[in-house]
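In what follows, chain A forms one complex with chain B and a second complex with chain C.
Right, the complex of A and B next:
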């Protein structure tokens, strides 16, 4: 095998390949989603063959993420406020971060296995299949147990909403809640895809991705007032994680915006998410095109 | 080959094996540094509100964070030690091959794990720690004696850490699939070792209990020696007692387990 780019441009991809027969980008997206659904469904059925194991690993996933919140509870057993934020306010940030990251992790969390696929050569198998590679990699080993993290995040968010009783809710704030979760999920998905694209180059260094995915989610669980100004700048302007919860949550909680940013930034999350996904998609394309099989 | 040389060779092999993956090590160093950075800010916020929480001042709290990042993979607190491989060998039956080797099972894996731990300490632990020491206000001792005492506590921590993980892995002789036990041990380890928060910050009776458990030998004990908050003899006695108890328990379980092994013919 001399060189493999994408199945559509590869001469070996037969005319029967549905990809070649689908020129419009809209139908390509639909095709990708269909492939994702089929592969994820297959993994789902395989998971359900071992129900006891599924229940235990889901609980484990729940408990591992709960530890982060236990750390926060331990801190609040000794103090009343951290960085000027009370426990319900931090729980609000935590719930938003964990839920949106959990959704992204559930959807495409297996993408961090790409480095392994490049190393052992199994990526080649995906390249010759008549389905978008991104959809195949994203759905690979789809793990429903990751609902544990989502559930944990939503429980903490539920607690925060109950405990923040002094908050004055408006229609706009209520509307912002689902927008925040979906945009946050989009931003984290972009980080996962960009991380996977990086693994085409890095291979063994797949752990770097954890610093941005898990590290990012952990960072956002605490208020921006805790961190150094440079770090906050970095996660606002370079890797715009601040749009997952810090900025929109500042609006909902009626807190001053980090870095003195204007109020409209609270509503910019969907745009930032779309922009991030576009950039990540581009990075993925570059990564995939640069891929050279090890051959044999 | 003498027994000592044999296990030294196994340990050297463990060291070299992990040293082979340089990119993975560099990635690990980067990730540990990022997590340390996040944690250090949250600790500083906490110590801003309560300046002498748990008897630590700010500098000691910061030092504790970077020690934790240095020990995370060294002591396999977050998993990733030799126990994963041992579990897999028990599950697949390859353990039978290990058992008819002219070497002791427990010592063999202990040597391999010590080699791994030493590499992780040098390869993955030192850089995040030095980064933390350069960019944050740390409290480090200036006399060589405290550093030597600290290294002794780290070595004992490695023994205790292996003692726990060896028992966890041997459970696969009875359970076949050890995934659940490993996960529980991992959760317990992170909570009880003080990776989340120093154990002397834990409130009331909970604090008393976690400080008496073996996991407090891993991070809390060497940290307190380095920070000058605990006398080495007492710390060594505590860690040593747990190391002996755990390794002896491991030996008992190993004896019981090897009687259960039935090599499937074919």
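Right, the complex of A and C next:
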């Protein structure tokens, strides 16, 4: 039987609280991952109770995203290149963007519901549980059917790798592949979290968030050369989506870098992803703090 | 260091310090922005909770009442760590709720009448299983608590039903069970009987009474229903406009508020208004008459006097409306404050 010790006086209570706060950041991450695993696992089990339904919705998810690529194929039945990029090269960009976005969407795609939770007050119920709120929101309604998009992205990427037969592969380029996908996933996750944090302030902003997440993923499926310079600049320096695929892919494909950026930027994606996640985490904290001080 | 077992109970109730829940001049100020023009906005500060101080001992069962918007829910939200107070000092079991929200969460249970803490689309039992893991409840303890709640709250047939398909009363019972699986030392209930039918209300009240008596769980509940307080709480706190208006036993509330109860009598036939000392007729409708009498007084002698002089068929006593009592109390304190100022 667990025994709970209670600080005898308020002085020792505050001492205990500062002690508890010090090693908290590491254990908070562990606590968050644990809560995420528990909640996502529950949703997973409940999904698996209806296996046929799961298979059908996953296939549906796959089919919808697959049609998306068919649109590009149709375009290429009329033209040989888009912004100077061939079909396999476009497929390469597409596959990278779709897979990394799909992974982020699978992991924390439910975060765009935060505004609704704030509005109907159900966020309060998460705040009385002994787990970080971010993990609870992220894992809510974990839907494995979103694997459909990841599968589609990986198939397109696989096609691109087969079709890009003229490419000279080096060890560095091969290593860059998983790094790109993981960094891309990290950057998209940061966008999801930052968007959710914004919904603490503006509860109807889920459409704004979608513009950056789904919109961003679609944007990255096309080469930077088809977009205006200002847009490319914005997507590089303001919201650094260019690090998901444009910059590292430029290196892999041996293409000139957008905006004449130096070649090392191709390898900066992991750092950019870590930076974005840190900033998004900060934004989340600010958002949650403002919620807890205003209650709305 | 005071070491206390999870079982709590009365042995601890005596030795524990009286301030298990302690509020010292706690305030909550909201910034309310009102649109006054196309872009113009007016900022206004609202004191939802205004320098409230009270303390609740371990094992107490306290009713926290007041009209809509009085600051009840805001207080509960500060006590659970959802909201950060704007000022004052607040401790629950020695923990500052807003700073150590997750640590406190292990030791409190919360039931919101208006919204569920259960996972809406999943069967009830899934929520419980998740609580089991999330709160790190020892297996044997979890099983014991779940069995007990299932039995006493009659949940056996509901465990496999998705929460969204439960009726309000069933859901409320499910929510109460969820809040108790981890043996919380304090249970907060925000409007636990709102919208429930008579049978569900009775069941919930009975369960809470037993919980408090057998486990010594400290209970703080907000309600609109005076019967909840009457049947459960030895102590009641009244809050209005963010201020604590009254803190004491329920009987004293009627006196403090100068409230009146109503005796409704049905006579054999239409008669002129009853004349009886200690009460006055406020309404006559055919053979039925309404008499107001001071809430602090017993109805029995009054009934005896009426039965002596009039052909009585039936009667009932109506408790004063809580909102009316509080309104009166508030008016009284405002007048008192004015007198003191002049």
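One rule holds for everything that comes next: the second predicted complex is superposed on the first by the 268 of 296 C-alpha atoms of A that agree within 3 Å, B and C clash if a C-alpha of one lies under 4 Å from a C-alpha of the other, contacts with A are read in each partner's own complex, and residues count from 1 in each chain.
In this text, a contact is a pair of C-beta atoms (placed from the backbone, for glycine too) under 8 Å apart; a residue touches a chain by one contact, two chains touch by 3 or more.
Worth saying up front: this structure is predicted, and the values here are computed from it rather than measured.
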| item | value |
| --- | --- |
| Chain B versus chain C as contact partner of A:208, first or second or both or neither | first |
| Which of chain B and chain C A:170 touches, first, second, both or neither | neither |
| First, second, both or neither for A:42, with chain B first and chain C second | second |
| Partner chain(s) touched by A:293 [first = chain B, second = chain C, both, neither] | second |
| Partner chain(s) touched by A:27 [first = chain B, second = chain C, both, neither] | neither |
| Which superposed partner A:78 touches (first chain B, second chain C, both, neither) | first |
| Chain A-touching residues of chain C, taken from the complex the two chains share | 1-6, 30-31, 74, 77, 80-84, 86, 91, 93-96, 98-103, 105-108, 110, 112, 114-117, 119, 121-123, 126, 129-130, 133-135, 138, 141 |
| Touch list for chain A against partner chain B, complex | 53, 56-57, 60, 63-64, 67, 70-71, 74-75, 77-83, 202-208, 210-212, 215, 218-219, 222, 225-228, 231 |
| Complex contacts: residues of chain B adjacent to chain A | 21-24, 26-28, 30-31, 34-35, 37-38, 41-42, 44-46, 49-50, 53, 177, 179-180, 183-184, 186-187, 190-191, 196-197, 201-203 |
| Footprint of chain C on chain A - complex, ascending | 1-8, 10, 12-14, 17, 20-21, 31, 35, 38-39, 42-43, 45-46, 120-122, 124-125, 127-132, 141, 289, 292-295 |
